[in-house]
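In what follows, subunit A forms one complex with subunit B and a second complex with subunit C.
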Partner chain A sequence: MRRFSSKAFLAGLIVGTVILALVGSVVRPPHLISNFRRFTISFNTRWFLATARELKAIVDATPRDKIVVVVGGSSVMQGATQAGSMVWTDALQQQLGERYVVLNMAQRSGASNDTGNVVAEMVLKDRRPLVYVCDAMVDHFGYLPIQSRYQPIVFDAWRRGYLIDWAPRDEAMRSALWSESATLRGVAWGALLDFALNFKDLWNYATFEWSGTIWNEVDRAASFTALRAVTDPEPTPEWIKANMPQLRAVTPTDMSLLHRMLAAPDRAHWSGVTTTTETYFPPPLRAVTMVLVDLNNPAFLDELTPEERDRFMAQARFVQNLIERSGFAKVAIPETGFGSEDFNDRVHLSVQGGHKLAGIVAPQIKAMATDLGYRP
Partner chain B sequence: MVFLTYEFVAVAAAFYAAFYLCRSQIIREGLLVAFGVLFLFIYGGLTSVLIVLALALMAFHAGRFAGRAWNTAAILICAANLIVFKYTRFLLLSGVGLLLPSFATQAAGLSQQILPVAAPLGISFFTFEFIHYLVDVRHGRSPIRKLRDFSAFALFWPTMVAGPIKRYEQFLPALRTGLSGPTRDDLAEGLGRVAIGLVKKWFADNLTGWIAVSEVGYDAMTLDMRWIFLVAIAARILLDFSGYSDIAIGFARMLGIRVPENFNWPYLARSPAEFWQRWHMSLSSWIRDYIYIPLGGNRLGPGRRVVNGLTAMVLCGLWHGPSWNFALWGLYHGVGLAAASLLGKHRPFLRPEPGLSLWLAHRLLTSAHAAVSWSGTMLFVALGWLLFFYPVDRAARMAAGLFGY
Partner chain C sequence: MKSAFAVVGSFASGLLVAVVFSYMLYRIGLPSVPFIYVAF
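Right, the complex of A and B next:
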């Protein structure tokens, strides 16, 4: 007796794959879209990165008559260490008023040319009014694809045609299929396969709505839990207050990071930054982008020598000029008036600091919107 | 794991499509070899390609045309190649370093500059396959006549990275069957086997994450959690390795080619010897045929048998990596095999006796013996995994921790 019919097995495999691909092309996790506030470390870190279609669904869920303010970039912009209900972009939304809708697409360890960039370009492609707000560090701006953990999102969006046509980037994305880096090749091939099979959309949906499918080492308690049930894990102000001495303690690691920022840059480095910027930011996006150069907690900067502090500030201004020369609408160093109480650690803003940043940035966004000719 | 990369899926899909569509056996064989070279190039780099091709050509030539002296030389070159690329640093620092520490450190530094950062892809596997080929031909078996057949054997990509270790006498007929055209059953059963492997890998990868995070807090664990940790380690390595073997065997089967099995429910074994008949079978049979038996096996008396067994198992351990804990793991299993062999000789009460009550007593004793044998074997194997994964002192502390120390 035959154990099983290979004909039926193969037919089932083909039909099943087609059905799953079709299901993947239509499902979107409703809880991600309707309740979206920001991405957190519980998801969208290493596994189950948001797909371009999910991001597009988030964009499409915003009212079309509003000016969209997309916030992208690093954990500073994401509001890391600010509890979910007190994140600075909520304050920014309040300050901007109902005419605007703010989408916080920044990520921990993110860069200005990953998730935020993707969503901003989706808005631009829809011909909707947009202001993109992102950040730069005093030693770099934007990541090469090989450096960013969120690149699958960019490749997915590019493959599905959500990004603006920009020849230098298109060429870089195409050539990634044959990159020397196995990681980058994997990302590029993954996007190509997913374009046909939609498996990431399907898995994200199942994981978000029904059940986690992996043991989650970042948030262990959330392992095998549907991600929609996982709360924003950023610490509460009470926890921050209780742990303030440790958080604000200047450690050798912090100082070595600061020294590295000062030591690394040379002509070749800055040339690389310019190339990355000009390759991965299409000019139409640059024209509606405000870049904020992140400084650090003054209490930490005080540990540097006066000469190092001067160099740090000079470098921040240098980065500002460098980015401005690439055609970005506005580049600001907003944190010069910030005190140590505005930070929770070396670089992340406290709730108070976040509100202060929102207060500084909101009028500038409004001014930019006026300059760009958006209807007030 | 190279099989779990998107680019592999894309490129392999194209390869299978071409393999199925083409009707000529020669072209199919050419495709198989070409994809093997591409696979080796993508995941191992040009160095791997050049080394495998050079050794393959040498082994083919030595087996087909050369005499015994050249055959011996080819075997030695294969073995030396493995030692140089995989064990140079270990031998220098752990062997020479005991006598001449500063010289060993300098030489190890120099070797790092000369040798590639990573050993050629699958070096432990293709070396063993070439040695097996050369030894068997030396013992009078027919060599492979055609270079393209030998190339298909040497560059067979499904087994290239992690086995199973093939035998050419079995592979060639299987290759002929595959080249004549894989059937729908081959495709279905191969895909099914790949799916089983993927499910095992999923379990293994989740366990890996849990183990990586949990091992930091091992000393603070409760006793029962430590035992669960041990079970998790044992389950992880079986699921990971047998999952990989399933995928490799499945990919080969999709080509209509059957390769040897590697695992046969090893955690059902009731003695260390049975464990090795079920665990990584293609390696254990290789060690038996090409190390243990040539050393004399059990033909030279009990003393030599033990020494041969220990030597074979230490080499088996070292095959897994250039580190003392692997050697000790092999030695541990060698001692276990010798001890179990000794114990196995003294089981007079298990002889079946006539009469119902005696028959029942016999059944009871047999079952009890089976349960004790299985438990003892599993405890022995599981404790061995601590040696396999952790430095010796850490493994010893972890093992003591299991018993409350």
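Right, the complex of A and C next:
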């Protein structure tokens, strides 16, 4: 009696793989597309990395007659420590008005070239009016692929043809398949496999709409709740005031970070920053990009000596000049008008500070839109 | 009849392995621990 047919098994394997790939190529989580506000901390704890197709669906869901403002970069731009209903990009949307649509694509611990740029390039490729707003630190700008935890998004988008053709980057992405770094090789080969099999779209859909698939220490029993049912957990200002007053206290760790920033990075470091910029920001994107140099909470800077404070500002201006020289449309240091109450910790803006930033940035975006010929 | 059951069972096993394979590819591409960046 035959109990097993290897031919039937192989047929099932092939048919199953093809069906799953086809399903993955068409499913997009509707609640992600229609309700997208920002990548919340829950996306990180659930291992949720958006796919390029999901990002494109979010872009496509925006009205085509609007000027698209994509916000990318670090947790400062993402609005970390600002409650979901009070995030600074909502204030920015309000300040800009109905002619604009703001998409907050910044990531916690992200950089200006690891998610926001992907979405910005999708908009550019669609020939839609765009202003890309992102940030730089006083000691660096942009990440090399090996430095960013969000590189799978960039490789996915590049592999699927959503990014602008830019020879230096294309070469870097191609050569990643043979990189000395096993991590980078894994990301590159993963994107190639996913290009054919669409497993990320498929399982992202399941994670977002149906159920988490991985137990984790942070969410524990709620690990298996669909991500669509998880609200943005960032606390309100009142909650922070009542429960985390120590947030604004200057700690030795903060001071050590500040001193490290001031340790005068050498020429090789800055040359690396320039190379990263030249490689991973195509010139058409630079032409519509505004970079904001993140400053720090004045209460923390007050702990530095006057000489160190001067060096901090000098370094911010050095970064500003360095980025400007690479052809970015605007590089600004929002240095005036911010007090310690505008920050929740060393670098993250409070709701009040976020609104202040929106008030500073909105007129500059409008001026850029005029310069770029978007408005009559 | 038993042979038909064997073929259907084997085919179904193939389908199941395809699902497991797809999930494994997805899971391998994720970090071994979640990224928890808490600003405070």
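In this section, the second predicted complex is superposed on the first by the 361 of 376 C-alpha atoms of A that agree within 3 Å, B and C clash if a C-alpha of one lies under 4 Å from a C-alpha of the other, contacts with A are read in each partner's own complex, and residues count from 1 in each chain.
Keep this in mind: contacts are C-beta pairs under 8 Å (C-beta built on N, C-alpha and C of every residue); 3 or more make two chains touch, one makes a residue touch a chain.
No experiment lies behind these values; they were computed from the predicted model shown.
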Which superposed partner A:215 touches (first subunit B, second subunit C, both, neither): first
Partner chain(s) touched by A:10 [first = subunit B, second = subunit C, both, neither]: both
Touched partner set for A:185, first subunit B, second subunit C, both or neither: first
Per-residue touch tally on subunit A - higher for subunit B or for subunit C: C
Subunit B versus subunit C as contact partner of A:193, first or second or both or neither: both
Contacts of A:41 with subunit B and subunit C, given as first, second, both or neither: second
Touched partner set for A:81, first subunit B, second subunit C, both or neither: second
Set of subunit A residues, in rising order, touched by both subunit B and subunit C: 4, 6-7, 9-10, 13, 186-187, 190, 193, 214
Subunit A-touching residues of subunit C, taken from the complex the two chains share: 2-3, 6-19, 21-23, 25-31, 34-40
Residue ranges of subunit B in contact with subunit A within the complex: 5-7, 9-10, 43, 183-185, 187-189, 191-192, 205-207, 209-210, 212-213
Interfacial residue positions of subunit A with respect to subunit C in the complex: 1-17, 19-20, 24, 41, 44-47, 49, 75, 80-81, 108-109, 149, 152, 186-187, 190, 193-194, 197, 199-200, 202-203, 213-214, 216, 218, 240, 244, 247, 344-345, 348
Residues of subunit A touching subunit B in the complex: 4, 6-7, 9-10, 13, 177, 182, 185-190, 192-193, 214-215, 217, 220
